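Chain naming follows the written order as A, B, C, D, E, F and G, and within any one chain the residues start at number 1.
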Amino acid sequence: MDSVILRTATRYLLPLLLLFSLFALLRGHNEPGGGFVGGLVASTAFVLYAIGCGVKSARELLMISPRRLIGVGLLVAGISGIIGLLASGVFMTAQWSTRDFPVVGKLGTPLLFDIGVYLVVVGVTLTIIFALAEGEE
Amino acid sequence: MNVLLLLPILIPFLTAVSALIFWHNRAIQRRLNVMGGIAHPLAGIALLVAVWREGIQATQIGNWPAPFGITVVADLFSAIMVVMTGLMGLIVAVYSLGSIDARRESFGYYPLLHTLLMGVTGAFLTGDMFNLYVWFEVMLIASFVLMALGGHRQQLEGALKYVTLNLMSSALFLTSVGILYNLAGTLNMADLSVRLSNGAVDSGLATVLAVMFMVAFGIKAGLFPLFFWLPASYHTPPIAITALFSGLLTKVGVYALVRIFTLIFVQDIDYTHTLMLIIAGFTMVTGVLGAVAQTEVRRLLSFHIISQIGYLLMGLGLYTELALTGTIYFMVHVIIAKSALFLVSGIVQRVAGSYDLKHLGGLYRARPGLALLFFVPAMALAGLPPLSGFWAKLALVRAGLETTEYLIVAVSLGVSMLTLFSMTKIWAEAFWKDRPDPDRPFAPLRHRRELVVPVIALAALSVILGIGAEPMLALARDAAAQLLNPAGYIEAVLRGAA
Amino acid sequence: MLDVLTGGLMLIGALFMLVAAVGLLRMPDLFLRMSATTKAATLGTGSILIAVAVYFGETGVTSRALATIVFLLLTAPVAAHMLGRAGYFQGVKLADATLIDELAGRYNLVTHRLESRDIQPASNEPAGEAEPS
Amino acid sequence: MRLFLMNTLLALAWIALTGTFTPVNFLFGFALGFSLLWFTQRLRPPTNYFSKVVQVLEFVLFFLAELVVANIRVLVVVLSPRLSISPAVVAIPLDVRSDTAITLLGNLITLTPGTLYLDVSHDRSVMYVHTMFVDDLDAFRSRIKQGFERRVMEILR
Amino acid sequence: MIGAVLAGFIAALFAPWIHRAARGWAGWLIALVPAGLTLYFGAHLERLAGGETFSAVYAWVSSLGTDLAFRLDGLGALFALIISGVGALVIIYGGGYLKGDPQLGRFYAYVLMFMGAMLGVVLADNLITLFVFWELTSISSYLLIGFYHSEADSRASALQALLVTGTGGLAMLAGLVLLGQATGTYTISEMVTQPQAAQSSSLYGAILVLVLLGAFTKSAQFPFHFWLPGAMAAPTPVSAYLHSATMVKAGIYLLARLSPVLGGTDAWQISVTAVGGVTMVLGAYVAWRQVDLKRILAYSTVSALGMLVFLLGIGTEYAVKAALTVLLAHSLYKGTLFLVAGALDHETGTRDVTRLGGLWRAMPWTGTAALLGAASMAGLPPLFGFISKEVFYKAAYDAPDLAGPLTAAAVTGSVFMVTAAALVSLKPFFGARLETPKHPHEAPPSMLLGPVVLAGLGVLFAFVPSWVAEYGIRTAVEATLNHAAEIELELWPGLNVVLLLSLLTVAAGLAVYALRVPLQPWADRVDLGARVGPERGYRVLLGGMLWTADRQTRILQNGYLRVYLMTIVLTTVALTGYTLLTRADIEGVWRLPDARFYEIVVVALIVVAAIVVTQVQSRLAAVLALATVGYGVSLLYIMFGAPDLAMTQFSIETLTVVLFVLVIYRLPRFATLTNRAARLRDALIAASAGVLMTSLVLILTADTSRRHVTTFFSENSVLLAKGRNIVNVILVDFRAFDTLGEIIVLSVAAAGVYALMRLRPERERREALPETRATVELSAMAEADPPAEPQAADSGR
Amino acid sequence: MMSLEEFALFVILPILVVAAALAFVRLLRGPSLPDRVVALDVMNTLGIGIMGTYAIATDHAEFLDVAIALALISFLGTVAFAYYIERRV
Amino acid sequence: MEVLLAVVIGTLYATGLYMMMRRSIVKLVIGLALLAYGSNLLIFTINGVTRGAPPIVPEGAVQPVEPFADPLPQALILTAIVIGFGVQAFTLVLFKRTYQSTQTDDLDAITSTEQSGKLKLPDMSRRGS
């Protein structure tokens, strides 16, 4: 689609959306948000970009294939659980840092898990939408 | 012990994830498939041994005490089902190596296969109602994709119905779980058992809810009159997938029924379990008549799945130790026999070019080995002694006669006759009859090792399970005893709780 | 005092949004409807968000409210533009009162490219079937 | 240098979003911003922020005033028993060419009195605007060009 | 003893291999197994006669009360000897009969398997074990009847036999289980010691009926006899072995075995005697009117089986003695005659008696055996058949009740048996020489051994009646009756009524033989069996079942998704609704809403939007209305304290809209396809479900004091799980396992979408429709070239 | 005298939901698809306002976060709709 | 309030099921979506609606202020929504592909996997408009 202002707006919106998505992800443990919404906002950014500038550009921007992103996300989530298993003998037992960090609070495996969720959601949404958009040539 | 409970879930998970990451490399995926396929049943067996030796095993995910966190728990019944899942997984994983085309392999067949196994295993091991819903969904979505994978028209048409009707079931399941939480204030199955038995919950409403669950799981299990999705779809995907589905999916529905109707909803047995017997009878009869009416092997076998679900439900409806023993043993038996039959029919199709009895024939003379591989599980399915199906049938019949439920016994015996009839129909048409088109030669069987070894293994299991029925029956009896006396389960789960 | 400010901002916002909705209902064609709503809705939402900022008086809330306003200012016109284009291609009728349509006939219906001068005599006919209402 | 500025701005935006002004949070925001900039580096056309601050502020005030006026006007029209409107779609020749300028202009037009940016021609020589009230087409054109395009050109120069 | 039973099965495993290795000698070699068994059982006779029994118990499926319990007593030994002895002869015979047949190896295997199963039946001391072997005989029989599997007739006959005996078998299974329940044991030898346990049980009637069903079907009793003539589709040695000498006698064995437990009652005597009597007369009557040698023999077998049942029904000590004597005699002469028939068929190419004549010269040995066998069958002295006929008549004549009619029935049956015997022996070998399809020669030695030995035994036994009585019959009778008995057999009992009856029988039988041609049309008129007979009943039942199956499946599995949905909805509503009305307390549920204005508006918006969705004609408008519903629901979440939920719902909603738009803009627009009545019907059904759910909600919200686990979450969210947003803490920590499953679902869904979009069947990809291809996609505008995707390599495996 | 929270609940919210209802009427009436999408867009914007108001009414700033998410994401919905309306023509 | 919500829930179930029982593929999938809303809202409603009190612990506190909404049903619904989304996305694409493959969106015409051709429903008509 040949729309100057969509394309331009998208370029400015993209960082903003990504920033917000990370914000939602990191803060989710304490306020509304979390990996799922964060991931959706992040994918929104890329989908908008795909509509404005084409799927190919969006794929290039993303750099990693969305499908691989799914695998990585699942692995991250799985590892967060396995860390608990190794550390305490029970799967998914949370392991926490001893000190606080801003926004996030304490760092721990639940956050890692949420990051996994985030990555999966981005990967899933983009896999689906890109596949649909690229349609059936 | 913890690890033993989780390994059967984590192994297929890690297999699937690794395969997903190596999406582009079929060779690695095939290797992962075999490795995961072998590791899964081994983990299951380790778990079964642990449960057998040390009693019911339970662990709390995230170390949150029950009933607040999610419990993973294995009693003998769960552990048996986990072993069966692993076994079927391995069998199908190997069979797939020789029967799934390269294109499906490139599009995530192996990750999907192992995700399905993960979902099924999760469903067998979870001790939490909502978590059960989640695993059901994992299993369902994987099955949706597997069913549609390849995109052939028949597959899509079948999948359309399969998906829609299963989603109905999911919606009802979800609704029921929500109501359950409302009624009992907890989702932990052991805790639910306690709270429903100590009068904390209105028993009338609990019965209403029990019926809703019966319908929800009934759809998944393929009960009358809710089974439509099954004959509409099971014959459409590649046979390895059909075999896996037939072996596992409806059984998860039955598992769930057995679980909740022994552990949780036992406050109005006269009503709920009688209802179940009625449904069981209709399920058996309509299923087997459906099978009788078919001329396509896969469809015929699919209808049989329904019929056999009726037997499984019969044991639950009778609700005695012997009856549940029968159900558990029947489950193990039918998973093996039915999958074997599907896999054999896949070989038949590869050799003779069709699944349709009208176009088949002459295999008895030309491929006697194949005939034997069909005949053994077919007769097992028909309940011919001393194969596995007979003992299953005998246990149920005895249980039925002991509880003076003569009608259901009569029905079950009649249905077993019709089962025999339809098995001999395949035998007579595909094997005995001359080939209708003698000019078309039989094709040589390629990938013989991958295809035949799994079938031989299943047929052998069926024979072993029949002639050497006692160990499995004893195990099933102990499992049934655990089911009928949930105190042990409750104790194992809530042990750590206040 | 702050309460009055908050309340006033909310009220203004709500009223503008109501106006936007009324405009949406009353205006005779798509473009006029959008014309009415983009502004009123943006301003209305903006006031309410400022009211939120004032009410809570926290840095975090204020900055988020402002960020949202900026975002709305950035996106509302884009959305209107997109819908307007779509309307043109769909052959949405302009209100009878419309004096002139200088855009008519300047979209290439195949490439969807917009020209700076007329490329075809006909006013814009939809290329395909229109969605029945 | 420009990147550093952007990065700092993003770090500040992060602080604003989170509402926690601590050095650690700033560093964290900076790190986040850095990765985002690195991530999005191929998108950015050159702009010059620093010298424009004053113009921008002036512009913002102008715009807010327009926004309020516009809304009141719309309010009046919408609520009047008879819709006293005289709409038109007007082609306006453009002098600005850059994406940013066109976008800014378009957004401004849409958000202000009775006007709606519709599209810009492929060769960027003509912008099409819908307006609710028009008596004199040329006057309208020049108002757009003088009121909006000029200011946009100024701040983006 | 288990070795004796298993020997057959083990030998069966190796038989095809031996056949391949030993070629023409395989039959002789393999026959060593049954021959050895014959010796083995024979070696026990002495001690059995001395009153010993031999038993062995091996634990098997103890959970179901089934042990491999075997017991060799007189009754078992009599059967076991017949089974192994005839088995050996039949295997040797089969080697000649099926010489050159590629399936000969399988034949040996099946026959050996059958023999093992049959030995299992007669030696088992456990009811369930007995049943296991019983069913194995059925399935061996199925495989053997269908031996000539290319013929549709063979297949149909095999199925018929299987269905009839199988159904009876299943009834019997139920009967045996009930019997076990009534007596508290499955061990036969224990059960026999306490006959009153079964007979005084309230289940006795059911047990009797069910067990008799099993026995009668297996032993081809009227009205289940029809499968047996059909079974003649099997190779003749099979007919001789299974369908004459052994398998069909399993029912007799069972009746004999259980007669102490179940017998002696009026119900037993009446039903068993009546069925046996009818079968005996009917079988013999039909027999002489056949033209196929094998069918004549088959019907005469039916008659003989009837005779046995008849005797066991009478149930006196003498009748039991008679039954076992007849049984032995029948096995010898009928085995002979079947093997002779096979030899005739083999040598001449036909079994049609009307085409056989004057073969004595060509086949003298065969003819001799035939004559001896037939004479025995006709009950002529000095053959063992004569002795058995005498005791048979005497048993009927001495019956405690209704001796007259019983004797008349016995004589009537026997008359036709004489005719049949004449038909199979005199007609083929004497009279004018008729042309046959093949030029006849004497049968090879392998095929002569069987008939000659069996016929010879028929002669031999007649001359050592007391030896047979002592070592064969007496121990068997004692075992049957479970008490000591005195048994005497004599070749010449002296002139008495019975002998007169015998003479009369032979004369009448031969008269019918002589007059058979003129009698035939007259006989045809009497013959109801062909028109309304049970075989017809079987066909009607089978056909009806198939019709029902087809009809039922067509109606249930009709292919219409909406009907499926409707059925499921109705089932749910009916079951839940009924339960709700009958089981739940629904007092105090209906109450007035306590709502705020804005809540009412939002609710109204959702309701209207949902209804709009169902009514709107435009698909995209429906999607928009659906989105409105979604946004409305999100607002409800906001209003009731669920920001995370609202956030998720909003985001999902938007994404769903995008997906809908991406997907459905190509689908055709809505059309109204169902008529008004159908829409109304569906609306009512749907509304009933809606009402149900509404009622449930009202009932369940009447009391909301049931939170139980929540407190834990709110108390520990911050302290232990270190997060303030409890919902999120639940999602990533307390119940993270759910979330793990959730992201797996998402991942799989994505993989599925990807595969659906990219993986197409070859044909479809080539035939992609022009309009499909022409559609502009997102990527089109970005001049997209297809992104790097895995090569969907079609290496075709 | 009404508190600010009550004012938000019983004055502002009703105005906003009524506005939403009006927008919904447009959604129903169309006539063109873009008209309906505009209506939905307005409803989204109203949703942001409602959430802001609700945040004040309940003194929970958390609802603002929902509003932000809605603003960010609903834009995508409108754009996608517009894009596909144009494409399918 | 529960009374009104009960009506909404009933409506969602009813309209969802009604849509599913139509003959159009698109209506089917829309019906599924409505059904999902219904079940989510049902769980939400029956487990106690609390006006405007999210289960979030205020900063510095250890426990949420009573009354607060029950967080567990919310978490459950959230999971269910997300799962539902995944499933729905797949379903949509599946249905689209089915349409492309069969060239019809009339579900009554999609019966080839079952031997049913001969059974005609009383309310079947040829395609209308």
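Some notes on this structure:
Here is the rule we use: a residue touches a chain if its C-beta (ideal position, glycine included) is under 8 Å from a C-beta of that chain, and two chains touch if they have at least 3 such contacts.
Note that the structure is predicted; figures quoted are calculated from it, not measured.
Any chain that touches subunit A and also touches subunit F is listed here: C, E, G. Each step here moves to a touching chain, and the least such steps from subunit D to subunit E number 2. Common neighbours of subunit E and subunit G, by the contact definition above: A, B, F. In this assembly, E is the chain whose CA centroid lies farthest from the centroid of subunit C.
Put simply, the chain farthest from subunit G by mean CA position is E.
Among the pairs A-G and B-G, the greater number of C-beta contacts is found at B-G. A straight line joining the Cα centres of subunit C and subunit E is 76 Å long. One finds 31 Å separating the Cα centroids of subunit C and subunit G. Subunit C and subunit D have Cα centroids separated by 15 Å. Averaged Cα coordinates give subunit A a centre that lies 36 Å from the centre of subunit B. Along subunit B, residues 13, 20, 23, 61-62, 72, 130, 134, 137, 141, 144-145, 148, 151-153, 160-161, 164, 168, 172, 175, 179, 182, 187, 231-232, 293-294 each make contact with two or more other chains.
Contact with two or more other chains is made by residues 1-3, 5-6, 9, 20, 30-33, 36-37, 40-41, 44, 47, 51, 67, 70, 74, 78, 92, 94, 124, 128, 132, 136 of subunit A.
Across the assembly, subunit E contributes 553-554, 557, 559, 561, 565, 618, 620-621, 639, 643-644, 647-648, 651-652, 654-655, 658-659, 662-663, 666, 693, 696, 700, 704, 707, 709-710, 713, 724-725, 731, 733, 735-739, 741-742, 744-754, 756-758, 760, 764, 772, 775, 778 as residues in contact with two or more other chains.
Partner subunit A is touched in their complex by these residues of subunit B: 2-3, 6, 10, 13-14, 17, 20-21, 23, 59-63, 72. The part of subunit F that touches subunit G in the complex is made up of residues 54, 57-58, 60, 62-63. Interface of subunit C with subunit F (complex): residues 3, 6-7, 10-11, 13-15, 17-18, 20-22, 24-25, 30, 33-34, 37, 41-42, 44-45, 48-49, 51-52, 55-56, 58, 60-61, 64-65, 67-68, 71-72, 75-76, 78-80, 82-87, 89-92, 112, 126-128, 130-131, 133.
Against subunit E, the residues of subunit F that register as touching in their complex are 9-10, 13-14, 16-18, 20-21, 24, 27-28, 30, 33, 36-37, 39-40, 43-44, 47, 50-51, 54, 60, 62-63, 65-66, 69-70, 73-74, 76-77, 80-81, 83-85, 87-88.
Here subunit A touches subunit B in the complex through residues 67-68, 70-72, 74-75, 78, 82, 84-85, 88-94, going by the rule given at the top.
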